[in-house]
């Protein structure tokens, strides 16, 4: 009979109308600034630079190898390598980025920089409320804005951060073992052994 | 599906005078293709569609490829008689491949569920002799894709019912997918903080294709 | 009807376009529908010529979103193009990833581990679910249903996007698959969450069908509208649910059996009339089949590695050659055609966009229909302008 | 607790209404509070004039007071309805609906009921864009011409006991006559905009409104036949009292129910509401005849549409739902205007509900529906009401009249969509 389907449909909307007052499952949206939905652990928004310790400039893990700059698909990373070197977390002398800019207006959050980084130094942040009125500079983040402590990384991505720390610890242990072996060899040979070359880009 | 050699033989038997050539593909995909001469292309396509054992009724993908003129220098070792002694000499041989545009058709059969058969058509050169016959009368699905190839590569399809630009606007003059395409001045350009990055990228040669 | 017999004409047309010489036409009205129109699904334009409200001529115009994705990809490393594929059909980034990864794997001869294949099937079918659900909503929106079906579809889509976010880190631009596997393994609890979703989804489908399927207005609006006969559909390279709605049994998951689709037991729903209603219903029924695949895949998900050990992230240079890889994306056959010259960039990179090619036949379906039908016929084609314009 | 006190109160009032107790005078005063206020106001203001002018002044002041009251009340209702509609639609779609706008510069959100104020301010200060090619005079006049007849129609709408601005003997006739003028405004808007969408929308609107006016009026005729009055107050008076356990509203008769449903369908189409919102079908015609309107002119169209919706619902209440009568005598202690507005909000909810559920019809189907379905049914309904009138009150009368409603409904419903059979389909599967 004409109208049966329409009445069925009306019953369905009525069910949803009343259901939305009682059922959590139906009403999925939250009133956003007052309430927020929890982010998944894997959530990625924009990159940040990890630093160890307390001083963001000293502890920066980045060695300005520029791999991420090369691999970044929209070319939003801009790095200037330093002239001098400073010791990294392993105590090795490394270059550091004199300038490290990311234009977040161009960044497309693809995470490729994170994947290609051999130094566990660039990671994805979960901060997304970045709107600004400054069209030209507001989203061009400099080294200082990008640097965030390892504790922050642990807070937003605990599993990944632990894995990342483990990788670094293993490398450090390897390096120390190597240094010890070198020192022993040096002691044995009593001759100056060449310093291990710093791992360079590709 | 029959092998490509068999199909080639059958085409040659069915379409008199058709020149068909196998184009090998060395990659692990093993998708070899057939190059068909332009004057018999429509007849070959018709045959491929109608033949009861082939029935390639579904022209899935049409695309262009730009092969600019390349000069390949290779070192070839030849043996030559030098002062009566046979010695092997390294000789630099320059091979010049004339440029051409290629249109690639990927054919499947919906009725018999096989494929792909890859057909290639080639233009004479990249400047004035850029005609290939349109296969739209055989497969309607080529219509927009051939328009796209015309738009982006500049291949002119003779016999196409509605050959206009499709993705670029009508007043546009160049063909952007060609390898030697140069971007025109961007009249909508405005400075952004990103410029430095782009300049640097261009300096390192990353902005250009195929480097 | 035999396909060969029906396609013998010079150009295959459904209705011959009436010319003013016929004398039956009054004064014609030209309308440019789009690019800023509420229901052209983006910046799509149709140049319509109307006789009253009846369509006499329709020319689709696009390219407003053209960014020459293919050219960009030619200057990009193979990996660098992966995030750009997300932006083709931005509703179904994971199937786009898969099609591209499949083509590159064919080109480079990479083997995907079993677990990765399962994850790919699961994510692809979830993508299909959310795409088809939203398509139903959009179609009804075009029909003027004030967004209710769309909101129900979005409600379910949110849950699927939550799963994507937990797995890949992003809701829409997933950038998840890699050549020879997947980027990361499933997070703990993901499988159970997905199973819960699959268990709850039929309830949503029932609700959706109760709301709409028998609705007389919906049936009157869609049945017999935009009919596309099977022979023409095949000849015009229509693919995906649209082809199957015309009654052609062609599902690439069944034909190519790519990935591990031969392990799953599912059926392919087929339409009979090839009208808008069939296109809508085929998608609804396909969702139920996808749920079957998902149930099986989530139950048998094996342990193991997720990347081919031969695969390399940086310095990836496949041997010279070419490959065409295609999958059954929610919108149709999505193919990637790659030519390698041995360098780090593809020499030629081509996307076969299903919704672009499905538009070939739009004019034929719309001739003789009313303006209101044009909108729903376009809706039933299921286009995404990111993919049409590339 | 409060609910208990409330229930005690209701019980006492109910008893009072039954036994003519102490509360009776109070409820009567409450019922007539607006009438007495008006009389007081008119008398007070007219007293300021010299005695010779007083008859004329009374007339004028009374008119101004009533017009102000009608516009004020129904414009407020319009404001509230826009929020309620969005909230209701939101709930049907499992959303919250608007819940942000409250009092500016504070955290008070008023559950979103500040929204109409924000919308109104926005509409007022928005630029008024007039297309260069538009016919400027007609373009300007269209929204005005749209609002005026709608407000005029309120003149004959009784919103409570003794609460009607103009008790015309031919009230219903006046209502339909004035309502017909809306079409003119729609066409003025569509034509003067020089926009193809607007023109198509206007054409659709004209075709639709004229077609649906016929079933609308014909659906109202049975009521006039039974009530033997064209006056709206007369029709309400004919629905007083009880018929068995049900109130003696016309909707509780077979012909009345059919008439009510037909009237509501035609009213939906007349007020361009979903599923008959083709003239402004946004997915097809952007916004139909008011595509080229912005700012306050657009707001006027919006206002006129909603006022039209209220007034036609009000007429449906008057004709079929017993006007301001309470459904049961033991609820009659609540004021009459309260019952009118409760019924009005109920009908508005039905409109929102339909809008949240149904997709839109197509133009040819819309016309088919009007001429091949609604029109025959309304004509048959005239016969039904005659049979009802001449048969004596019995179960037979009910049975005959119910059959006379249902049989044509089913028969016409079968053939509605023409030769094409519209039905559910069964799908085949391939392995």
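Points to keep in mind about this one:
Each chain carries a letter (A, B, C and D) given by its place in the written order, and its residues are counted from 1.
Just so it is clear, a contact is a pair of C-beta atoms (placed from the backbone, for glycine too) under 8 Å apart; a residue touches a chain by one contact, two chains touch by 3 or more.
Note that the structure is a prediction, hence the values are computed from the model and not measured.
Taking C-D and A-D together, the chain pair joined by more C-beta contacts is C-D.
Set against the Cα centre of chain D, the chain with the most distant centre is B.
Averaging C-alpha coordinates per chain places the centre of chain C 44 Å away from that of chain D.
Chain A and chain B, compared by their mean Cα positions, are separated by 42 Å. Per-chain CA centroids place chain A at a distance of 59 Å from chain D.
In whole angstrom, the spacing between the mean C-alpha positions of chain B and chain D is 67.
Multi-chain contact residues of chain A (touching two or more other chains) are listed as 2-3, 6, 9, 12-13, 16, 26, 28. For chain C, residues that reach two or more other chains under the stated contact definition are 148, 152, 155, 211, 213-219. Residue positions of chain D touching 2 or more other chains: 92-95, 356-358. Across the complex, chain C is touched by residues 2-6, 8-9, 11-13, 16, 26, 28, 39-44, 67, 71, 73, 108-112, 115-116, 124, 159, 202 of chain A. Chain contact summary for the complex, chain D toward chain A: residues 88, 91-96, 99, 353-354, 356-358, 409-410, 413-414, 416. Across the complex, chain C meets chain B through its residues 3-4, 7, 10-12, 62-63, 66, 68, 70-71, 74-75, 106-109, 232, 234-239, 243, 248, 250, 255, 318-326, 333, 335, 337, 339-341, 343, 345, 347-348, 350, 352, 356-357, 359-361, 389-390.
Taken in their complex, chain B has these residues touching chain C: 25-29, 31, 49-50, 55, 57-61, 63, 65-66, 104, 106, 110-111, 113, 116, 118, 136-137, 139-145, 152, 161, 165-169, 176-177, 181, 206-211. Contact residues on chain C toward chain D in their complex (touch as defined above): 29-31, 37-39, 53, 140-148, 151-152, 155, 211, 213-221, 223-224, 249, 251, 254, 267-273, 277-278, 281-282, 285, 370-373, 375.
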